[in-house]
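Here the chain labels run A, B, C, D, E and F in written order, and each chain numbers its own residues starting at 1.
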Amino acid sequence: MPNKAIYAGSFDPITYGHIDLIKRALKIFDKVVVAVADNTSKEELFTIKERVALIKKSTADLKKVEVDSFKGLAVDYVKSRGSRTIIRGIRMLSDFEYEFQMALTNRQLSKDVETMFLMPNESYSYLSSKLIKEAVSLGANVGSFVPPSVEKALRKKLLKK
Amino acid sequence: MPNKAIYAGSFDPITYGHIDLIKRALKIFDKVVVAVADNTSKEELFTIKERVALIKKSTADLKKVEVDSFKGLAVDYVKSRGSRTIIRGIRMLSDFEYEFQMALTNRQLSKDVETMFLMPNESYSYLSSKLIKEAVSLGANVGSFVPPSVEKALRKKLLKK
Amino acid sequence: MPNKAIYAGSFDPITYGHIDLIKRALKIFDKVVVAVADNTSKEELFTIKERVALIKKSTADLKKVEVDSFKGLAVDYVKSRGSRTIIRGIRMLSDFEYEFQMALTNRQLSKDVETMFLMPNESYSYLSSKLIKEAVSLGANVGSFVPPSVEKALRKKLLKK
Amino acid sequence: MPNKAIYAGSFDPITYGHIDLIKRALKIFDKVVVAVADNTSKEELFTIKERVALIKKSTADLKKVEVDSFKGLAVDYVKSRGSRTIIRGIRMLSDFEYEFQMALTNRQLSKDVETMFLMPNESYSYLSSKLIKEAVSLGANVGSFVPPSVEKALRKKLLKK
Amino acid sequence: MPNKAIYAGSFDPITYGHIDLIKRALKIFDKVVVAVADNTSKEELFTIKERVALIKKSTADLKKVEVDSFKGLAVDYVKSRGSRTIIRGIRMLSDFEYEFQMALTNRQLSKDVETMFLMPNESYSYLSSKLIKEAVSLGANVGSFVPPSVEKALRKKLLKK
Amino acid sequence: MPNKAIYAGSFDPITYGHIDLIKRALKIFDKVVVAVADNTSKEELFTIKERVALIKKSTADLKKVEVDSFKGLAVDYVKSRGSRTIIRGIRMLSDFEYEFQMALTNRQLSKDVETMFLMPNESYSYLSSKLIKEAVSLGANVGSFVPPSVEKALRKKLLKK
């Protein structure tokens, strides 16, 4: 059985919460593909190339992790990769409504793909890419939320403006 | 007693979840008016005329249903129609905060109008006009979420871009 | 169409929140039946007779209200009364999980009966028969939560022990 | 890698919601062990033997499912079985507080075991063993909630009293 | 001990709910500083000067209240004022996710500052600056939600367009 | 101004989460009184004397902390101590319904007392005295959840049975 899970999301940018989740998924699955959604309609801070590069750098020491990007429906990407499992992080403070609507809509779009929720470490339960971007733009040091390369990229993007 | 209920919303576009709710309301009320809010400040995909037309087509087989549009406050519209009841769908995944704020604000704006919540069938509990629009724009088939005429209209709007 | 709604619950005892809801339902329905569940397995403070009597006294000035009790399934009682509508109060602090499970289970048990949720006045949004009983047993004055006859009955039950 | 997941719970009794979840887990894992907690302090309707027997009968047609019971901590049982994954169902109406407290407490008790949440079919999102027991004791037909053998057992237990 | 609390927010515009909270905080603290976030990236209806002026007018009769504005991180402002306490209102209908993420992120940014939550009167539990603005633009009278000077300012801004 | 806060609860038994909250409150208040509710109707594991003793031992190194017990209404105790502030911990996984009902009921019972919510460290956000007791009775080591003296007391109570 091809025991491969897809961790799909926007990762704008990757945080220690995402990395914690990848490590947990690696305990269960033989391979984890981090798949960045290339959704041109959303307003992201980092380009798809930048996001993929930051994830690659941040997960360089993790074996059995692949970083990729995809266009279109997540369920189609999952099937194209020979997997049947989407991983999502569910935090104590998740937007359950959004997560559950996505999971159930995806199930309707493809009966073959299951969404599986994992909980990150509680120290990361409040991390939000959006709040981190706001904090950096207001001058905060976010070294405890994101890896050094990501913090550097955030400062470059947000403070040069 | 004029036993007429107003089902107000943006219906951008109407889904099977809305239609299920209309049918349930018809068990309780003699007449249900589906009232589309003509709120020029919101960014809707379909024009007010298009939304009204799609609802009319989707509810053509239901007797005792009227489709209308209104400008201004919902409570004023309700009173102008000789009704005192606003219907809203409440799903397991509803945005309760928004629904309750609306209901209580409406009550403050008019003591004569009550908001009544009904639950759609659980098969429609995760339907969201927003997610459906996203899914269509990514190439999904949404025939199990909306009537054929609505799916056709969605494809025309979203895929020709 | 027999426009009659059933407001089913344990009412142990009735509070100003319940009475507010009955008044709101009377704006929509021709008649409201307050139906006390005679569920011998639950541990209630007041007997079924006492609960019915307290509701009758508390709603004596409201026309078109009937007070009754029932055994067995609520949906069966609703149908036996020629109604098809169960009313439930939904407060900002409701136990949504319980309310929605009940409503959906009832729907499964009888397709003909709909549950309709109404919101009490926000001043009563935190009233809970359980907390009121606790407060009285600790010596509190609960005159702003329940009618005088109910407060008197609560003191008699809880403070004589 | 021993790709085996443990689905732990009280299953008092098993419902179609549990069975749906087992089937979903079988898409991801090579083997699923349904493990009934033998917790003498809880007041269960069915004995541990009865619960195991009802699950065995209800999952007889599913290959790669094992039914077992355990005493003590779930994480210790998971490790004793050579697994590292606990499965829990997460429904739109779950008691998130309880589920998350359990998952995080278990993580603290053993760093090697992960809890993974899956969503049952939305048709089962409101099923609750407790409500089903209540409904049967009030005379309801619960054939759409549990397999025939379970309904028969419920009637025997609850209606002979 | 300098017993001063900072009530930080966008106040666009101030409502009776905010004023109720300020009065409650004055029971606990010697001084309350209402601090308007001067966040140029957000789209506010009123300028920072207008918001400060409306708060000053609305709290003119309250002693020991200071109105100020700040740029940058809230925690840095709190420390610059010699305080260690941020006040936030928490309503039954709060966006808990946002409030808790903010509080925990702030704690990470400065270990010396605590966020303290107070509940406004339940009559104001549904007030939202956003809904009030919508209601005014649709022609509603919002005199029971905001002070007269604020309602006048809202009409001037929103109805002249 | 007597700047004293009352931290009321059942503390059955005290956990590291409670202790974290006491330390945070000490940053804001000159004195914190930990007040154990002596509610004979609740089924607690430890007697009121034992609970007070465990808190005293666990907070021995904290200055400006007093440990006490009380009977009757919390608001009456708060006033009898010359305070006007009740502290409650609010965790990401709190039972908001219960907390808010308590706070609003208390406010109704005494207009002079405010409830103030503080968040414990996120590492303690999932701690529950109930789950800890369950875990100990199943043989778990709970040294990361409670102080050594409390763990010893738990084992003595729960494992001798």
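Definition applied: contacts are C-beta pairs under 8 Å (C-beta built on N, C-alpha and C of every residue); 3 or more make two chains touch, one makes a residue touch a chain.
In this text, all values refer to a predicted model and were calculated from it rather than measured experimentally.
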Path length in steps (a step moves to a chain that is touched) from chain B to chain F: 2
Cα superposition angle of chain D on its copy chain E, in degrees to the nearest 5: 180
Interface composition of copies chain A and chain F: same or different, split at half: same
Chain B and chain C: spacing of chain centres that average the CA atoms, whole Å: 30
Residues of chain B engaged with two or more neighbouring chains: 92-93, 96, 100, 104, 122, 125-126
Chains that touch, pairwise: A-B, A-D, A-E, A-F, B-C, B-D, B-E, C-D, C-E, C-F, D-F, E-F
List of chain F residues in touch with chain D within their complex: 93-95, 125-126, 128, 131-132, 135, 137-141, 144-145
Parts of chain C lying in touch with chain E, wherever the complex brings them together: 92-93, 122-123, 125-126
Of all residues in chain A, those that touch chain D in their complex: 1, 3, 24, 27-28, 30, 84-85, 90, 92, 96, 100, 103-104, 107, 112, 114-119, 122
Footprint of chain D on chain C - complex, ascending: 39, 41, 72-73, 76, 96-97, 100-102, 104-105, 108-109
